[in-house]
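Common to both upcoming complexes is chain A, partnered first by chain B, then by chain C.
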Partner chain A sequence: MDAAGTIIVAMIAGALRVSTPFLFVSLGECLTERAGRINLGNEGVLVLGAMVGYATSYHTGSPWVGVLAAAVAGALLGGLHGAICALARVNDVAMGIAIMLAGTGIAFFFGKPYVQPSAPHLPTLPLGFWSDVPQVRSALDVSPLFFLGLLAAFLLHWFFRATRVGLRVRIVGDSADAARALGLGIDRIRLLATACGSGLAGIGGAFLSLSYPGSWNEGLSSGQGLMAVALVVFARWNPLHCITAALIFGAAGALGPSLQTIGVSKGYYLFYAAPYVVTLIVLAITVRPGRALRGMPGELSIGR
Partner chain B sequence: MIDGFGISRRRLLGTAGMGAAALGLGTSLLPRTARAGDLTVGFIYVGPKDDYGYNQAHAEAAAVLKTMPGIKVVEEEKVPETDDVAKTMQSMIELDGATLLFPTSFGYFDPYMLKMAAKYPNVQFRHCGGMWNKAKHPMNTGSYFGYIGMGQYLNGIAAGHATKTKKIGFIAAKPIPQVLLNINSFALGAKLVDPSITTQVIFTGDWSMPVKEAEATNSLADQGIDVVTCHVDGPKVIVETAEHRGMFTCGYHANQSALAPKGYLTGAEWNWITVYKEFAAAAMAGKPLGNFVRGGLAEGFVKTSPFGPGVSDASRKQIDAVKAEIMKGGFAVIKGPLKDNKGNAVVAAGAAYPETAIELESMNYLVEGVIGSIS
Partner chain C sequence: MSAASDTQRSAAAPVQTGAADRLYPLRRALEALGSPVLALLLSAICFSIFLLALGKSPADFFSLMWKGAFGSAFSLGNTLQRAAPLLLTALCVALPAQLGLTVIGGEGALVLGGLAASVAALPLDGAWPPLVQLAMAIAGAAAGAVWIGITGLLRSRRGINETVASLVLSYVGIALFNHLVEGPLRDPASLNKPSTYAIGDANMLGPLPGTGLHPGLLVGVIACVLAWILISRTSLGFAMRVTGGNLRAAQLQGLPVARLVMLACLLGGACAGLAGMIEVAAVHGRANASLVAGYGYAGILIAFLARHNPLAIIPMAVLMGGIGAAGGLLQRRMGLPDATVQVLQGFIFVAILASETLYGRFAWFQPRGAR
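Now for the complex of A and B:
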């Protein structure tokens, strides 16, 4: 295969492999923020989900039970965030940082015995069966969680656009006054949105430990949860754009290693920074001073 | 918010004060020093001690040391290279009565360990690395380190026999001299088997980057590379991913054969117990401890993993023969004439650098046959 082909296959493979945790966390964060709350704790939820998923898979022998357990653990931690933020004068950004530290701390503490053992992994769907190029076959070995993430994005989009509950979430997120006038339970809706959002982020964590890279250790997330929070801004709070954003991030992450294998080895630190540079450029282009971000829920504490 | 919970600041301070008093009472009941003749040894690790890597290699040796009579071992893992390590050292000395400390991570040395060494002149500090300098540093401190390049050389021979595509890979964290020596040794070992073998190197940029390490392994596999080894803190992800992709692997730091029962060939492992036993024995006998201790395979500081099923008889024979040569001492992997991968002569004909040579500590090139660049 020629150099350009290699890079393209590697980037597609990277997009399919690396994007899933970004997708789940950004969808979860999207749901939470559309209800008017920020949850920086999703980094901690991601790490906790990875640990709980791995440990559960190890003990029960079923990776799917692990995914479920990760979602539940994520929802509990997210619920805690939601419940505390409902108290008067609690800053959700500061609380999110506390939740992030708590989540990683809990995961490191209870995850200690699971660094060494190997837990059963999630199966992959061999979608490359039609090709006899081994690179293509391996690139199209896609985790079912990826498709679950795509499904979740479309469902979430439909939920916001066409359902009564989705409309309520948006009202709560856009104007607390309007929500009060309609007699909606603001705190309850935000609590549920935060818990469900963190549940999704927990599934993203389970993907990290049970699918790719498929191992639990303490350096696993390396900030991916936080990046996904930024991706929501990048995606303009639109679940469908979250897919694009996650895929771009995944592909850009594959750029560094694959360029080195075809002999472009100078400046690999720059290639590794590519996803972040892209984010910076997009934000710089779309954000102008004195104007709220397009698509941003009106109740977000950073916008008020 | 505090008012909302009915806790006033004064009450909070009072409770905290009581807590501190109780804590103080508790610690004063603990033994301040160990019994005479006994030795308490403190180990400090930068990461988890079961990481299948650098920290596990130290922790395994500490576990062996623990079983020796008269020795008590205290350990703390995941201690950052900040003021935290100074506090850990202080508490090991004050509360556990440790008189011999092994802070095992590079960044612990300056200023944290030096500061503690000045404060506690009767405690011995030995740091894993090569930073001790007689002119600058006190005599109750010191360095110990192993030369593991020979292990990677033997890995390279195993890889050279196992590869079918004549392309092997090395995943490295950062291009520092010790890592470059490992890459070059691995490549030269493989070239001993077949000079046409190339070694593709990928730098991930940091010591623990699981997602990038997995991506790097996959990129190597996609390029038809069929044997891989690494120099990162925890090789678990790389070894597992490589096994999944049907590649052979050579281990590093510790024995990872359990992670890759099919593809694990052999590995370069630390054998720190040799060093720790020596220090502990000297300390218990009241003799002075070495300040600058180093050794390689021949001295027992480094060992190789048992052969996996993918190692052929010819490969075993050659590895054992070269290992026997190394065991005699003075063996040099880096010897002239040697060119780097840009075609410049880096070692003149006739020159040979055994693992103790000072020239190797400033290595800044990749040898011919390695694909990659250090900047």
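Now for the complex of A and C:
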């Protein structure tokens, strides 16, 4: 294969792998923000999910049980955020950062013994069976979690559009006054949305430790949980657009390593940062003072 | 500007008190002191239960923590060295917070400030060291100011939310830092850990003469005191607080809101950049990945714990620096993982931030004679 082909194949492979945790975290953040709260703690949830998923997979021998445990752990930590932010005058941005530090701290504390042993990984679907080129075959070894993430995005989209509960979440996120007038339990709905959102983020963490990069260590997350906020802005709070955002941000993250395969080893940090710069430029073009961003939930503290 | 900051300002907003209520300032101070102390106790109790569940002695833990943080001259020095950057990164949050802005990009400003400082030292090699240090400080503060200044510009000109903008810019800043340190500005001799060229031993900031204290501590404390004077004793600071308390009122008064936003962001960014310069000039001697140590994020929480009061930042930063400094001793003596202190810090942050809800709940602390 020529150089361009190598890069493209490596980028597709990387995008599919790198985008999966982005997809889960941004979907979780999207759900939380649609209910009117912002959860920066998803970074801590991601790391905790990675640790819990890895440890559970190691002890039970089943990576899928690990994924489930990661989701439960994430939901618990997210629930803590949701419950505390329900108290009057607690700032959700600051609490998110506190949850992020607490979550990574707990993960590093209990995760120490699991740095060495190797746990069973999630299987992959060999979608490249039709090709004779080994790079293409390995590129198309896609984790089933990627498809689960796609399914979750469509389900979440349907949930917001077509279900009664989804409508309630949107009402709570768009106008607390309207929700109060309808007699909706605002705090309860936001708590559940934060917990479920963090459950999704926990699955994203399990992907990091059980699929790609596929090991547990303290440098596992490179800030995907924090950057989910930027992805959700990019996706305009639409779960389907989260797929696009995750693929674009994932591909940019994959460009560096794929350039390395043909011997270009400089400048890839700038490629990592490129989608974020694009997000800011898009924001600068589309936002005007006094006019909120289209699609942004009205109750969001970062909307004002 | 944001609902969250409205609520956080309202506690500190001046209340018209009757002449009979002379003791109100005292009670207000008690309230401001009481709820964080209560939260600290609560987090200590929760953490003790956590330790007991693991079969470790909380008494041993806290006495070792005291020893590791404040027990000897060495540990105190370690504590203060960790507290110094926190003072400055907390100011990066507390200054814009006066205007109701939640800026969380201190990490990016810190690393770029450190990088700019180390670059500024290179062409001045061999010059009079205080001159080099001054150039480094100016370069570091300028880099940080530019970085948070972009956030301020986006906020005041385009109405882009400062929390999102500063978070994204922080990520971009760290990427830029990594690119420059591993690429164009790399010292080829730094093999395992890509770094810039060393600033040279002569240019390092030594401990404060006579006391042996970390030089950054002096800079940080001075910055906190100056910020406090600016906020509470000048008309400029009053204009900032008015804007944070009620944006509409500030606009009707004709206050230059956009310029105030820019000023607060530039000053805050300069503080964070200065923190990076001090990390380079007093600790690492060159810019490398050690600068990306989470001081920016810890600073956000310390500013919130101090309720954005620059003077209250000092004890909070020393407390958190002390807990961090005790990590090594706890690891050696009790066999606890080094992340233990991070867990304790997490408990404390969560508890104190949650204790914010206690303000205004108890009538005894409220002004009397009003209404």
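The criterion applied here is as follows: the second predicted complex is superposed on the first by the 292 of 304 C-alpha atoms of A that agree within 3 Å, B and C clash if a C-alpha of one lies under 4 Å from a C-alpha of the other, contacts with A are read in each partner's own complex, and residues count from 1 in each chain.
The rule we apply is simple: contacts are C-beta pairs under 8 Å (C-beta built on N, C-alpha and C of every residue); 3 or more make two chains touch, one makes a residue touch a chain.
Treat the numbers as computed from the prediction; the structure is a model and nothing was measured.
Visitor: Which of the two partners, first being chain B and second being chain C, lies in contact with A:V93: first, second, both, or neither?
Guide: Only chain C is touched by A:V93; chain B is not.
Visitor: Looking at A:F146, would you say it contacts chain B, chain C, both, or neither? Reply first, second, both or neither.
Guide: A:F146: touches no partner chain.
Visitor: In the superposed arrangement, which partner chain does A:F24 touch: chain B (first), chain C (second), both, or neither?
Guide: After superposing on A, A:F24 lies clear of both chain B and chain C.
Visitor: In the superposed arrangement, does A:F159 touch chain B (first), chain C (second), both or neither?
Guide: neither
Visitor: Output check: A:L280 vs chain B and chain C. Expected answer is one of first, second, both, neither. What do you get?
Guide: Once the two structures are laid over each other on A, A:L280 reaches chain C alone.
Visitor: Contact-wise, after the overlay, does A:Y54 reach chain B, chain C, both or neither (first, second, both, neither)?
Guide: In the superposed model, A:Y54 contacts neither chain B nor chain C.
Visitor: By the touch definition at the top of the document, which applies to A:G219: first (chain B), second (chain C), both, or neither?
Guide: First partner only.
Visitor: From the superposed pair, tell me which chain A residues show up as contacts to chain B and also as contacts to chain C.
Guide: Shared contact residues on chain A (touching chain B in one complex, chain C in the other): 87-90, 108, 112, 266-267, 269, 272.
Visitor: Taking the complex as given, what residues does chain C use to touch chain A?
Guide: 1-5, 7-8, 11, 102, 104, 154, 157-161, 163-165, 167-169, 171-172, 175-176, 178-179, 182-183, 294, 297-298, 300-301, 304, 337-340, 342-343, 345-347, 349-350, 353-354, 356-357, 359-360
Visitor: What part of chain B is in contact with chain A in the complex they form?
Guide: Listed in rising order, the residues of chain B that touch chain A are 1, 4, 47-48, 50-52, 78, 200-205, 208-216, 218-223, 225, 234, 236-237, 240-241, 244-245, 259, 371-373, 375.
Visitor: Taking the touch rule as given, give the residues of chain A at its contact with chain C in the complex, in rising order.
Guide: Of all residues in chain A, those touching chain C are 38, 40, 80, 84, 87-95, 97-109, 112, 223, 226-227, 229-230, 233, 266-267, 269-270, 272-273, 276-277, 279-280, 283-284, 287-291, 301-304.
Visitor: Please name which positions on chain A make contact with chain B in the complex.
Guide: Against chain B, chain A makes touches at 6, 9-10, 13-14, 17-18, 87-90, 108, 112, 115-116, 118, 134-135, 138-139, 208, 212-215, 217-220, 222, 224, 253-254, 256-258, 260-263, 265-269, 272.
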